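Heads up, the thing below is written out as structure tokens.
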Amino acid sequence: MTEEPPEPPGGGPSLRAALEAVLLVVDEPVSEVVLAQVVERPTEEVVQTLRGLACGYASEDRGFELRAVAGGWRLYTRADCAPYVERFVLDGQQARLTQAALEVLAVVAYRQPVSRGRVTAVRGVNSDAVMRTLLNRGLVEESGTDPEGGAVLYRTTPYFLERLGISGVEELPPLAPLVPDADAVGDG
Amino acid sequence: MTEEPPEPPGGGPSLRAALEAVLLVVDEPVSEVVLAQVVERPTEEVVQTLRGLACGYASEDRGFELRAVAGGWRLYTRADCAPYVERFVLDGQQARLTQAALEVLAVVAYRQPVSRGRVTAVRGVNSDAVMRTLLNRGLVEESGTDPEGGAVLYRTTPYFLERLGISGVEELPPLAPLVPDADAVGDG
Amino acid sequence: MSTESAARPAFEVHLENFSGPFDLLLGLIAKSKLDVTEVALSQVTDEFIGHIQRLGGAWDLGQASEFLVIAATLLDLKAARLLPRGEVDDEEDLALLEARDLLFARLLQYRAYKEVAAWVAGRLEAEGRRYPRAVALEERYASLLPEVILGIGPAAFAALAARAFAPRTAPEVDTEHVHAPRVDMAQQQAILVERVRRTGAASFAALAGDAGSVVVVVARFLLLLDLYRDGQVAFEQASPLGELTVRWVRQ
């Protein structure tokens, strides 16, 4: 072991063990705040313990990883174990997204909330069918309507963040600096 | 760590890591024979590694245990962590189902046995998480796999019938007057 | 524009795997190993137009109009380069400069999104090899969950199912109110020609009197403008907003 587990307070399981047990039953990323409430410990202590667990799994050559994605923590199988895991996860493999779908997803990610019209303007081609695909795949969702034109607006979902393995859209790489005043040209 | 992980054969993940990854995603206990087939190693070696993992988890104060039950191996939360897990599981659990859950339940009830993919296609929204909720609440259950695609099929449970106040699915009101050509739609 | 597109599955323009006009343009520029400059644009213009010509009638004009807009802009730019450059003093030159700058800006913007789309694809690919734990609850916890309250009876449940199975209308902007019912222009033209020719002259009020709907009135007016352009009819109007007389002049 890379570190000693903290002393169990009053005979109960250690904070580390309690968190591991809870993480075993979650089926979507769980926030630090929720975990802290469940184990009744300060959030900072919980975060530190989670980080310790994540590092520990990595250094101990575990087949799973603990990762912070989409605003929460969740257990994942290690990428290089995929060939073994895939024999059990029958419908886990998602069809790949088309180039068009990836483009629409990128525009929504950076411009959200954004209307289909604006996405179309950026791509120079109608994006309605593609947007529908992304809605069906749970990668984008509706986000109210534009107060001006009344057009439906779209944003990315937490599932999108999870599929990308990032905590929030602020972790997306910066758009190429070449884009001069992107807001002015997208509506052309 | 209580024991050295076995050498990774040819650069791939170690046997121990591969088994851990598989155990993380399985719902049901998996037999040693199946595990041995998946990782392509002798059953005795797999059993030994599994035993090593189980001992390791216990001695390392993990929040989970690896147990051999019902002819197979599965990860369980550690018994003394149950108070935390229970709090987490019950927290935010509503007696009442969400509209989305009711809708998925309705699709399963009228199309059973049905795959998650088909439910998603009917609703136009990814339904995987909702289906898991329904499984956890005992309203639907697995019902074999689709002979064609191999997708897991779902059906409603007797508990569902009881909650709806009917004694069999044949007592569900017919859809025909509500949906023109009810049998043709839904496959889109 | 197509009015029947609602009945058809939505259509995605694909030109040899290009996902849109900007994609095609960037693809051609990359193939020529050029940077995105005016020179690049004028060099790939012919290829761009060749690509969309090859598609012939196989596409929906409504969906593909952006390709044509861009092709037209490119042609303009190319033509301008072939002509001796004088001072930028007339409005056409200014409009051309604006069109060029807008095309550059949009092209660069699109390229930036394309780059991040590639990053997203890479992440999805890499992350797709990690599988999250998502298993049913252990028996001991599942049994703790409160009794479910469905909150609805069989009839409401069936209604819910019916709604779920009802064919979804695609989430599209409703353009029904914009699209007028179709008017058979050829038929309307035949009516007009026949009447004006027979009587030699007729007032617009008389010609449009039996139109039946505003759309048909508009259609007949536009058709008369067409006939005027072709030199088949002449107009007489004594005073502004006065009666418009249409005269058959073609020999």
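Read from first to last, the chains carry the letters A, B and C; within each, the first residue is number 1.
Keep this in mind: a contact is a pair of C-beta atoms (placed from the backbone, for glycine too) under 8 Å apart; a residue touches a chain by one contact, two chains touch by 3 or more.
Since this is a predicted model, take the numbers as computed values, not measurements.
Peer 1: What topology does the chain contact graph adopt: line, ring, star, complete, or other?
Peer 2: It is complete, because no pair of chains fails to touch.
Peer 1: Based on Cα centres, what is the most central chain?
Peer 2: Centre-most chain by C-alpha means: A.
Peer 1: Just give me the whole-number Å value for how far the CA centre of chain A lies from that of chain C.
Peer 2: 35
Peer 1: How many angstrom lie between the CA centroids of chain A and chain B, rounded to a whole number?
Peer 2: Roughly 21 Å separates the two chain centres.
Peer 1: Using Cα averages as centroids, what's the distance between chain B and chain C in whole Å?
Peer 2: 46
Peer 1: Indicate the residues of chain C shared as contacts by at least two other chains.
Peer 2: Where chain C meets two or more other chains at a single residue, that happens at 131, 133-135, 137-138, 141.
Peer 1: List, in ascending order, every residue of chain B touching at least 2 other chains.
Peer 2: 21, 24-26, 76-77, 82, 85, 89, 124, 132
Peer 1: Which residues, counting only chain A, touch chain B once they are in their complex?
Peer 2: 1, 5, 12-14, 16-28, 30, 34, 37-39, 60-64, 75-78, 80-81, 84-85, 87-91, 132, 135-138, 159
Peer 1: Looking at the complex, which residues from chain C come into contact with chain A?
Peer 2: Those in contact with chain A are residues 9-13, 17, 19-23, 63, 66-67, 70, 102, 105-106, 108-121, 123-124, 126-135, 137-138, 141, 170-173.
Peer 1: Note which residues of chain C are touching chain B in the complex, please.
Peer 2: The touching residues are 131, 133-138, 140-142, 144-155, 157-168.
Peer 1: Show me the residue ranges of chain A that touch chain C in the complex, using the header's touch definition.
Peer 2: Touch list, chain A to chain C: 23-27, 64-65, 67, 74-80, 82, 85-86, 89, 92-94, 96-100, 102-103, 105-107, 109-110, 122-126, 128-132, 135, 151-152, 162-166, 172-173, 175-176, 178-180, 182, 184-186, 188.
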